[in-house]
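When the chains are written out, they are named A, B, C and D in that same order, and each has its own residue count from 1.
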Amino acid sequence: MKRALPILAVLAILLAAIAVANPHFLEPAGFLAFLKRAAPLVILAAGQYFVIVSGEFDLSVGSLVTAEVVIAARLIDGEESATWPVIALLIVVGLLVGLVNGMATTKLRVPSFIVTLGMLLILSGAVFLWTGGAPRGALSEGFRMFGRGSLGPVPWSVLILLAMGAAAIWLMRADFGKTLMATGDNERAAALSGVRVNRAKIFAFMLSGLAAAVAAILLGGFAGVSAQVGQGLEFSAITAVVLGGVALGGGRGSVPAAMAGAFTLEALFTLLNLYGISGALEFTVQGVIIIAAVAARAIRLPRTFTPRRGDAHAAS
Amino acid sequence: MDTLSRSRRPALGSEARGGLAARLREPTQMVFLALFGLIAVGWVLVALDGGQFLTMESVVGIQQRSAALGIVAIGQTLAILAGSLDLSVAYLISLTSLVAAEIMAGRDGNILPAVAAVLAVSALVGLVNGLVITRLQVHAFIATLGVALIIRGIVDHLYDGPAGKVPESFQLLGYSRIGPIPLSALLWAGVAVVAWFLLSRTRLGYRIYAVGGNEEVARLSGIRTSRTIVITHVLCSVCAGIAGLLLAGRLGAGAPTVGTDGGYDLESIAAVVLGGTALAGGKGGVAGTVGGVLLLAILDTIFNQLEINSFVKDVVRGVVIVIAVAAYARRIKGRST
Amino acid sequence: GCTTDKPASTTQSAAPATSASQSAQGSGTGAQSKFFVQADFDAQLAMRSQTPQGPSDKPWEQAIAPKMVDTAKYKKDGPYQLCFSNAAVNNPWRQVGWKSMQAEVGLHKEISTFTALDAEGKDDKQISDIAELQAKGCDALIVSPNTTATLTPAVTAACGKVPVIVFDRGVQTDCPVTFIKPIGGYAFGADAAEFLVEKVPAGGKVLALRILPGVDVLETRWSAAKVVFDKSKVQVVGVEFTDGDAAKTKSIVSDYIQRYGKIDGVWMDAGATAVAAIEAFEDAGLPVPPINGEDQQDFLQKWKDAGLTAVAPTYPTYQWRTPIIAALKILKGEEVPKMWNLPQPKVTSENLSTYLKPNMPPLHYALCGCETLPGFPETWGGKKN
Amino acid sequence: MDRVLSMRGIGKSFLGVRVLSGVDLDVAAGEVHAVVGENGAGKSTLMKIICGVHAPDEGTVEIDGRPVSFGHPLDAQRSGIAIIYQEFNLLPERTVAENVFLGREPVRRGLVDRAAMEQATARLLDELGEHSFGPRDAVKRLSVAQQQVVEIVKALSVNARLVVMDEPSAALAEHEVELLYRLIGRLRERGVAVVYISHRLREVFDLADRVTVLKDGKLVTTLPIGEVTPDELIRLMVGRDLGTYFPPRSTGAGEVRLSLHRAGNHKLRDIDLELRAGEIVGIAGLQGSGRSELAKAIFGAEPFATGEMTPSRPRSVREGVALGIGLVTEDRKAEGLALRQSVRDNALLVARATGAKGRDGVGDLLERVRLSPPRQEQEVRYLSGGNQQKVVLAKWMTMAPRVLLFDEPTRGVDVGAKAAIHDLMRELANDGMAIMMISSELPELIGMSDRVVVLRDGRIAGTLPAGPSEEAVMRLAASEVA
């Protein structure tokens, strides 16, 4: 938790700045609306966290989200009764995609960067091949409830976020999390201590796939079918995790910090919007802040402790 | 306390020198075998479909289609060989296409200043990438993603559509050909040869391999590793700048989306690893990348000729990339045990 | 030998840079787009009230104020090979249109081969595609350009070799035999803006939502709306890009609702995310203000169900049938309009029920002109009822 | 005397742990100066300061009487200093010539002169009498000994005024060591200064003009080689008598915990071995004789392919662990610990990996292994080598193993921790565990073992009862050489 402090401080400052521009933000309704909007990215970041902490990458989550929404629309096709079976199927698909990513990474020994890049292409190609280039069909009201509706004053997505977040934290405290962390830190030492490193990594990819499925359910529910829904989400999720102080290369960082990173990113978007930074320059500000945040962390530490650039050779 | 250290270790493998067969099993050579295989398959498929596979036009098309990606991928090869990678190339291509077309403004006399400006801008971006990675110690993935966002913001802020005008004479770069060989392909070949030369014949090239192979070993051997990484990023960005020039020549204007539409960031990385260069760095080379780019282009051509829709193509590409890299991994494992 | 696949000159009608009507500042609409051409604006607005020529039950064969050109020099005997360079099939609008075009091809026995290449939204690929298609011995080449300026050289090059038909987005050369499009973006944008100006009380706050900058058919929509708004008493409180993304649209609208408390009208340059915008009001517990969408089923359905105050200008997808018809006319030596302006109806609360077809999928476009084509409705994702 | 190198009052700490303090070292032109000391005495660190890898925290370095402060290995290289590092320092994917001239490639008209580079490499290889490989071979295809030759060639190619050799002979065969001798002789004639580090005292007495002894990061003394005997040198290095030090031996072996019959794999042949409760079995052998492989095969990490093992032959680490076998690996950092995780998480790693219970006792365990002070939440990378090794021990003790294999358990561990580990090993044996111990330090091996099994070329060359002489062990281990 100590590690999460810097990012929490940044988050607090951003939230304060939002509140200054928009006092309504501090009311429960305003804040819940923010949480609701942030929920999908936060969930994705939690999923991505498992993969990154194990020393890998998942670039496929964006197109997985799109694929899931498109699949849902086509299969549900406005039919209320199809809601639950399709939700179950989406979760299975998410887990399956994670399984394939994980198997290819561990068994075929292909760098996960490449595996998930390939998966990105495959998913976006396959789903549109199936629908002929653009989404078709429609989501049911029951399906949309999760992203759109609320239970009393609390949006469903916030409840789902809380549940997922709690589960993620619990997982990381459990044996699985500890052994996954050790795997990301030193795969060989973990293997020689009896850790099933391949299985742990595959499970991490499956969690990322699961997170993408849930994020897709929330995003599809929030705004309906769209072919753009997942665009760029993989980079946002990775950025969020890194903003939370989780190192690419594995073995370091906590789930709450990764999720705080996602909230920070979302708060940043909201703030830039509120202060009317021209739509486009928003990206520039975002880029500067991401580099600065990561650089600041590297520089604050005494030199001898800083990871050498090489030790996180991302990619491999 | 004399330790029991007198040792004799048997040589790891009987073959100390690699024969032809071993060389062909190098990933960078395998990609060419795959390429020829694919051409054969393409030939059969297209013939069955009642078409002709490698017509003059499709050969020209293959080259035209691959030139821009080819040039970016050469730059990306350098970055990856040095153990880094560059996600900012796509936006940089858009930016430089605009810089080129805006400065040219349709006048022949402005071509040289425009080219100079493009090279300067791209070198500067590469410098920033390199310094953020080495000085600020930001992981290359995040550093270049951040720089990509910065460029994106600037481009989107300043432009809302194609702008500038490239004079006729410079458009020849995008359209002219000598016999079946387009000028753009010659430019690509030129960049490839220069990069090959750099990697195989200059100290910088040796250092790039060393830094990517093992940064610590390189440093202990007296190599200024940070400097090498920075220079590599400058070169990578300059390649993107050249691709931007080429695309400006082809489009007759600069376009704020030409880089991202082409997917040059991830596709160039895919082409490099398809060509057998290790994503972790230190191993591979330009020849493999050329093969990787051609492989993707031939795939495109086959799909074009068979009029298979682009979605199938994405699926096939994804599968091909993963399988190819898996095959390389298998080779390497098979040899070292 | 040294050859070039590029024509000697591509400098016709360089840039439509005659920016007119420096609009009132402070109206919130920003500076006028460089795509704005006053003459075209005037012409399009006028066309809205003109009666098109041709069979009224086949709007895709109709033309408004056509200036016919002779095509005798292209006349040849069938069967024909038609080629099509498509910018992309990456949105529902194009998907519906593409289906209609293929079905249209199926109607004509005299077309022996129809070769289509998809540029996947990449200018550079489309340039290569056009070059490659020329080599296939096409009798006519249909182009739906990805972007206007950048595809101009490639289209110009093709003009020298085959009769070229351009539709949807334009190019900056008049070398194609015919350019097919509905009335156009100015009419679309003005239709929607005029509706809002009429329905939104003076001083009311209007939010304008655009997909993305730089595409002429979309730029003209906004620039026309801008002209209308600038002359009106409504206040445009924001012009935002949505990337055509429903989630982003919904977030933006919610933010505006939060910031201004109340939004009195929503203008959109395309209908794909209209429902998301509407939902933002619903979710905030507010009545939906006057809004425009497009002829997409989900919007029309919502309109009817929620009893909205709305209008739906169209950019009819039936225009995808016309290039095939035009190509055949040209190859048979029949004259065609140089500028083939198709009628561009708008959906209003009066005629809503004729366009709303509950058996069609939500992202279907009502003006597909596909009802009489073989394979309808299944090919377009609809259910037989 | 013509001083090439002069170091004064050198001090250095890593992560707050003092590794060197107040060390002086003078090396003259044409002198071979040996530096000796126990593992972890700070020899390599001192060399890395000479070569610009580390900057000293305190003290001065002079080259040819001029003070220098190297910020980068390149600076040292330019001052005419070459080094053979103790760790491998080659790029496996590149050729021999490319490695030899790494960072100093000869250029002609701006281009790397491959031919010159390969010729020069060939000439140096020739001088060393090395004909088993050539300049164009990829380093990854070479054996460890061949790679060591490349390292030597690399250092020689610099034409340096000062050559530092940090255990250059460790991987060399006898005839190669002799070539190395001759080479060093030639360097001496040319007036080059040589700093020579080796654990083999014979080499020190053969080669050196003077010897500097380090102990626990401090200078003990510098003496002309003629003024010291081997026994005295050992005493200077260790600072006490070795014989009395080890805990008392086992009182009697118990039941057979594990037995091997004609077991073998790619590296091992016909291994017959019994490990009994209460007993410490020492495994001796030359480097590369297969000691580590034996431990890994028993453990299941590089399983036996043939033969029998009772209770059963594990095919994976997990099967080994399930049989109650634990392995303390020889390379703590690469194979033993997740360095960025806490002491507690590392100690619990095996328990968690196997889903075992009994984690509440981890605090007691850490106390039992005498981790001092027991800071459970600290990341292990901040601990000293000895404390790190204790964490590895605790990790295995959570599962109460029946058999515990130790591979170089005290490598890089300081004297105090070493004693603690020795005591602990005996304690575990007395509690009924079967222990197998591999060590390259013969005195330790002899002092600890109830039985010494000697490996040679992957086979058991012989077994000796408790307390054999070093000569007896050596004879079995290296009979082909003797």
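In the analysis below, a residue touches a chain if its C-beta (ideal position, glycine included) is under 8 Å from a C-beta of that chain, and two chains touch if they have at least 3 such contacts.
Here the structure is a predicted model, which means the values were calculated and not measured.
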Exercise. With respect to inter-chain C-beta contacts, which pair, B-C or A-B, contains the greater number?
Worked result: A-B
Exercise. In terms of CA centroid distance, which chain is the most far removed from chain B?
Worked result: D
Seminar exercise, completed: In whole angstrom, the CA-centroid distance of chain B from chain C equals 37
Exercise. If you average the CA atoms of chain A and of chain B, how far apart do the two points sit, in angstrom?
Worked result: 29
Exercise. In angstrom, rounded to a whole number, how far apart do the mean CA points of chain C and chain D lie?
Worked result: 74
For this session: Averaged over CA atoms, how far is the centre of chain B from the centre of chain D? Could you give it in whole Å?
Result: 43
Exercise. Residues of chain B that touch two or more other chains: which are they?
Worked result: 156, 214, 309-310
Exercise. Going by the touch rule set out above, which residues of chain C reach two or more other chains?
Worked result: 89
Seminar exercise, completed: Where chain D touches two or more other chains simultaneously, the residues are none
Problem set entry | Complete list of chain pairs which touch one another | A-B, A-C, A-D, B-C, B-D
Seminar exercise, completed: Listed in rising order, the residues of chain B that touch chain D in the complex are 1-13, 15-18, 201-203, 205-207, 209-210, 213-214, 217-224, 282-283, 336
Seminar exercise, completed: Counting only contacts in the complex, chain A reaches chain C at residues 22, 24, 30, 33, 37, 77-78, 132-138, 148, 219, 222-229, 231, 270, 273-274, 279
Exercise. Across the complex, what residues on chain B touch chain C?
Worked result: 55-58, 60-61, 64-65, 68, 156, 159-162, 165, 168, 171-172, 174-179, 247, 250-253, 255-258, 261-262, 304, 307, 309-310
For this session: Could you pull out which chain B residues touch chain A in their complex?
Result: 83, 85, 132-134, 136-143, 145-157, 214-216, 229, 266, 269-270, 273, 278-281, 309-319, 321-322, 325-326, 329-330, 333
Exercise. Can you name the residues of chain A that touch chain D in the complex?
Worked result: 175, 178-179, 181-182, 185-186, 188-196, 251-252, 304-305
